[in-house]
Structure formats: structure tokens, C-alpha cells
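Look at the two complexes coming up: chain A is in both, with chain B in one and chain C in the other.
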Partner chain A sequence: MNAAELKTQFTGYVFDEIELDIEPESLVGFATACGETQSRFTDPTDPDFQGVPNYLTRIHGSRAMPADFPVEMHRCFDAGKSVQFHAPVRPGDKIQGRSEIADIFEKSGRSGSMLFIVHRMNFYNQAGVHLATVDWRLVQRELD
Partner chain B sequence: MSEPKDKRFEDVEFGEDLPEVDVDVSLPNVKVFAKAARMETGRFIDHEEARRNGLPGAIVPGIMSQGMLVALIHRWAPNAEILNVDTIFRAPLLVDSKPVASGVVTDIDEDARVIEIDLMLKNEKGETPVMGTAKIKLPG
Partner chain C sequence: MILDLHSHSVASDDGRAKVENYCQWIQRKQVGIDGFVLTEHRQFDDANDYRALEDQFGLLILKASEVETEYGHVLVFGVNDDLRAAFDFAKIDNPLATVLEAAERAGAVAVPCHPGRPKVGMCAHWETRGPVDGVRIIETLNGGSREGENEQAEAMAERYGWNTIGGSDSHIVSHIGRCATRFDDEIRDIDGLVTALQGDRFEAVVPETAS
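Right, the complex of A and B next:
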């Protein structure tokens, strides 16, 4: 199956949903280890306490790819992450993450072809507020 | 070091450098991150296990590198509203290395009132294993 066929078959639908409770200790540890110094990210007593903008990147779904997806994840490497930040994540939030494949494409160069898979997760809080869109770019060096 | 001051949109100049930051990717700090992010796997927190899996040593989680670049922006402009951040992982960033985070303002959209920043993490060899861009808003 080539990249265009994979894209036709596996993009455009949500293949996984997860729910997760947000704990303040996790927000603080994530922020402080990254070197944040602003109290709105590091101090749970701050009235505007929230997660750093890329906090939700830590959350993965219950499966990385749709069922029957013919690419082996262990052969892929992580080429990057993009976060669109819409609203803050707060301690006590009950987060819902919905996974889909946003894009699949192929690039060719001197060293051969590479298959790019864009795994997208959209995150919402318990009120249905859209918090963030996280795109995870996975690359497999050669398409079988 | 003096506390960074909030910025206004009008304060920012095209080509302005963000103050560089020596980021902490020591093993103890990466373990703090890995615990908070539920990523306590050997390739991040155990040099020997990482080497057994073909890596040169434990590597910094990509999302921690991204978080350090976000923190760089907040140290420069504490009140920055980050709209998006996009990072490219070009090569592993090694735990216990001595990277430096830096950034430069590469675009100022006067109509949308959005500022674009190029970001990078350089290691002590002068290589850039992590690079990225961010778009932010500031009051004013």
C-alpha cells in the first residue's frame, strides 16, 4: 500500500479516545523540570495556576495507530511535535483526548524514501472546551 | 539575575535575540520530568539501559526539550501568550550534556499582532539537535 492509499484509508476519523484526570503534582513537576519560573505554572496556590502550554503533549492514547494500520511503530522515529494551544489545562480537569491520523505523505531523497505520519490528538476538558491540538510527526525510513 | 519584566507588543524588535539559557538536562532533573510526564523508561533515565538499546546514552524526552524552549520564551516575556510551538527533533539530545536554549524574533505581524520566534537547543559541540518556531501574542 502506498502513501496515498494509506492516507485514503486511515485519515479522517477518530480511532481512539482516552480520559485522564489532571493532578497538580504532575503540572508542577513538568513545569519546573523544564525551567519554568512563572508562578502560574509552578505554584498550585497561584490563582491562575495552569499547565505549561505543551503539557498535554505527554498524553498518548490507548493505541498509537488505528487497527490494521500496516506500519510498525517500532520502525518509526519521532521527528517532531507541534502544539496549538487553545485554553489552559487546570488541576482537577478531566481531559478527553481524541486521536486521528491527520496526514500521511512520502518524501524521497538520495537516501531513499521516507513515510511521514501525522498523528493528531485533540484535547478537551470536562466542559467540552477545546484545550489543545497536538500533532506528532512520525517517520519511517522506507515504505514497504 | 534580575526578574524578567512583562513585555508589550511595541517593545519587541525584529531580529531581537532572546537571552540564552543554560538548560538543565542532568539525570536528576530528567528523572523529575519523566516522573511528572509518566515517561519513566530506561532510554530517558538510565544511561546503561539506553546504551544497551543502541543509543549513545540516555536521551532527553523530546517534549522536555520543547518545554525548555517554551520556558525560554516565558523568561524573556513572562506575559507572553503562546499560540503554538512546533519543534523538530533532528538528533538525540543527551542527558547530562550542557545545552543552551536560544531564540530570535523572525517576524512581527502588525495586523494580526502576532510575533514569530525561531528557537533552538545547541549542544556543547555546536550542533542543533532541536529546533523550532513559536507564535506568541503580547498585550499592547
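Right, the complex of A and C next:
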């Protein structure tokens, strides 16, 4: 199956959903690990306490790819994450994360051809507010 | 007039530079170019209009594409509907002959870029797969080349009598204008660039930067 066929078959639908509760300790721990020092990210007593904008990049779904996805994950390597921040994560939020394949494309570089898979998670809070879009890129060298 | 004919913005999957930031860098560092051409990978960027930035910074900002063939990557200037109908810009194995012919027919100009680069440059494929008719210009100064790659391209251009262009192949702000092309005539828009490239009054150059 080539990249265009994979894209047609596997993009455009949600294949996994997770829910998680946001604990203040988790927000503080992640912010501290990022080197953040502002009290609104590190002090739960701050009146504007919230997660750092990239907090949701640490969340994975219950599965990385759709059940019948033909690419072998052990042949892929991580090509980075990007996050589009929409609204802050607050302690006590009940977060829903929905996974989909946003894009599949090929490119050629110095080392040969590569298949890129863009795994997207959209996160919402209990009020349905869209909090973030996290794109995780995976790359597999030399498409079979 | 000096233009960087090969650059990528965030519209490319691996581009990390916003067009506005390129403009700010050129102005602040006094990079010796009068404008640049955005050659996004495997696509033509219909979505963005940079005319306001052109006015604000006094730069010419044009749009083209970098497509992929079995002989490596190719810049296409003067992308239009005829050209887009002729082959699939998203594919990585378009026949070079098809891209060259389609560009000629559509009134565009196709230029194999970074020819000395392994896998995605034309030189090595030329040796193993054989020559292709229709090459008239190649990029001999590429800002992303490793040692020996531009020299290999230059030797090939000299051997076949091809014209040469330069481009930075920048994906990050500070690389814009590392290599460029000097035109004898003034260019105001993409049609002017195509007309100039259809002539032979241009050459690959390394622009000067004040700071």
C-alpha cells in the first residue's frame, strides 16, 4: 500500500479516545521538569494556576495507531511533536483526548525515501472547550 | 537584482521559518538580496499572500515549488494549473522527463536543485540512469550543500553548458540568502522571473551580508 492509499484509508476518523483527571501535582511536576518558574505554573495556590502550554504533549492514547494499520511501529522512529495551544489546562479538569491520523506522506532525502505519519490528539475539557492539538510525527525509512 | 531562488517556510513539513521572520532577518542583518522565492516541498502554497510583507519590507517574495523525481529534487518556477494537472506534486517519484516537458509546455521553468547531493540530486542518477533531454539550468550554489556537492554540480553545468542558479535552501531564518542568483534585469513578479530564467542573463552568486 502506498502513502496515498494509506492516507485515504486511515485519515479523517477518530480511532481512540481516552479520559484522564488532572491533578495539581502533575501540573507542577511537568512545569518544574520544563524549568518553568512562574508561580501560575508551579504554585497550586496561585489564583491563575494552570498547566504549561505544552503540558498535554505528555499524554498518549491507549493505542498509537488504528488497529489494522499496516505500518510496523517498531520500524518507526520519533520525528518530533508540535502543540497548538488553545486554552489552559486547570487542576480538576476531566480531559478527553481523541486520536486520529492527520496526515500520511512520503518524502525523499539524503538517506532515501521516508514515510511520515502524523498522529494527532485533540484534547477537550469537561465543558467541551478545545484545549490543545498535539501532532506527533513518526517516520519510517524506505516504504515497502 | 539578487534573489534567493530556493527557500522553505513553515508551509513545508520541515520548514521552521515564518516568512515574516525571514523578512525581519534580511532587514536586520542587511542580507544582500532583494527578495526570495518560497519553494515549498511537494506542493504549491495557494493559501498565503505575502504582498503586505513585500510592501512592509521592500522585498520581492515569490512562490514556486520543489517537486521530487527519480533523478532527485527539482524547483519549478511559474507554477500554473496546466503544470499542476501534468503530474502529481505530492509524489516522490515523478519522472524527471515528464516534469521538464510539462514545465516547458506550461510556460514554466524546471531546475534540478542540489544536483550533487546523494539520493536527491541529479548527478549520481545521471551516471546510473542516463541523460535526460530538456535540462537547461541547474542549481550549482545550494546553501545546504556539504563539501564537494556544489563543486560537482558546477562541473556538470560546465560540462553540458547549462546555466546556473543559486538558492539558500533555507529552512530556518538565519540561512536565508546564503546563496542566490544575480539577474541583469529587474524582476517584479513571477512572470518576470520565468522570463528571466528563459533567457541567460543570470548567474549563481554568494550574496554579501553586512553583519
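FYI, the second predicted complex is superposed on the first by the 143 of 144 C-alpha atoms of A that agree within 3 Å, B and C clash if a C-alpha of one lies under 4 Å from a C-alpha of the other, contacts with A are read in each partner's own complex, and residues count from 1 in each chain.
Just so it is clear, a residue touches a chain if its C-beta (ideal position, glycine included) is under 8 Å from a C-beta of that chain, and two chains touch if they have at least 3 such contacts.
Bear in mind the structure is a predicted one, so any value in this text is a computation, not a measurement.
Peer 1: On the A-aligned overlay, A:38 touches which partner chain: chain B = first, chain C = second, or both, or neither?
Peer 2: The answer is first: A:38 touches chain B but not chain C.
Peer 1: Could you look at A:53 and tell me whether it touches chain B, chain C, both or neither (first, second, both, neither)?
Peer 2: First partner only, chain B.
Peer 1: If we overlay the two complexes on their shared chain A, which of chain B and chain C does A:4 touch? Say first, second, both or neither.
Peer 2: second
Peer 1: For A:28, using the defined touch cut-off, is the partner it touches chain B, chain C, both, or neither? Pick first, second, both or neither.
Peer 2: first
Peer 1: Thinking of the overlay built on chain A, is A:80 touched by chain B (first), by chain C (second), by both, or by neither?
Peer 2: A:80: touches chain B, not chain C.
Peer 1: Who contacts more of chain A, chain B or chain C?
Peer 2: After superposing on chain A, more of chain A is contacted by B.
Peer 1: For the complex, which residues does chain B have touching chain A?
Peer 2: Chain B residues touching chain A: 21, 23-24, 29-30, 32-33, 35-39, 62-64, 66-68, 70-72, 74-75, 78, 82-89, 132.
Peer 1: Over in the complex, which chain A residues touch chain C? Could you list them?
Peer 2: Chain A residues touching chain C: 4, 105-113, 116.
Peer 1: Please give the residue numbers of chain C that touch chain A in the complex, ascending.
Peer 2: Those residues of chain C that touch chain A are 13-14, 41-42, 68, 72-73, 90-92, 117-120.
Peer 1: Enumerate the contact residues on chain A facing chain B in the complex.
Peer 2: Contacts found on chain A: 25-38, 41, 52-54, 57-58, 78-85.
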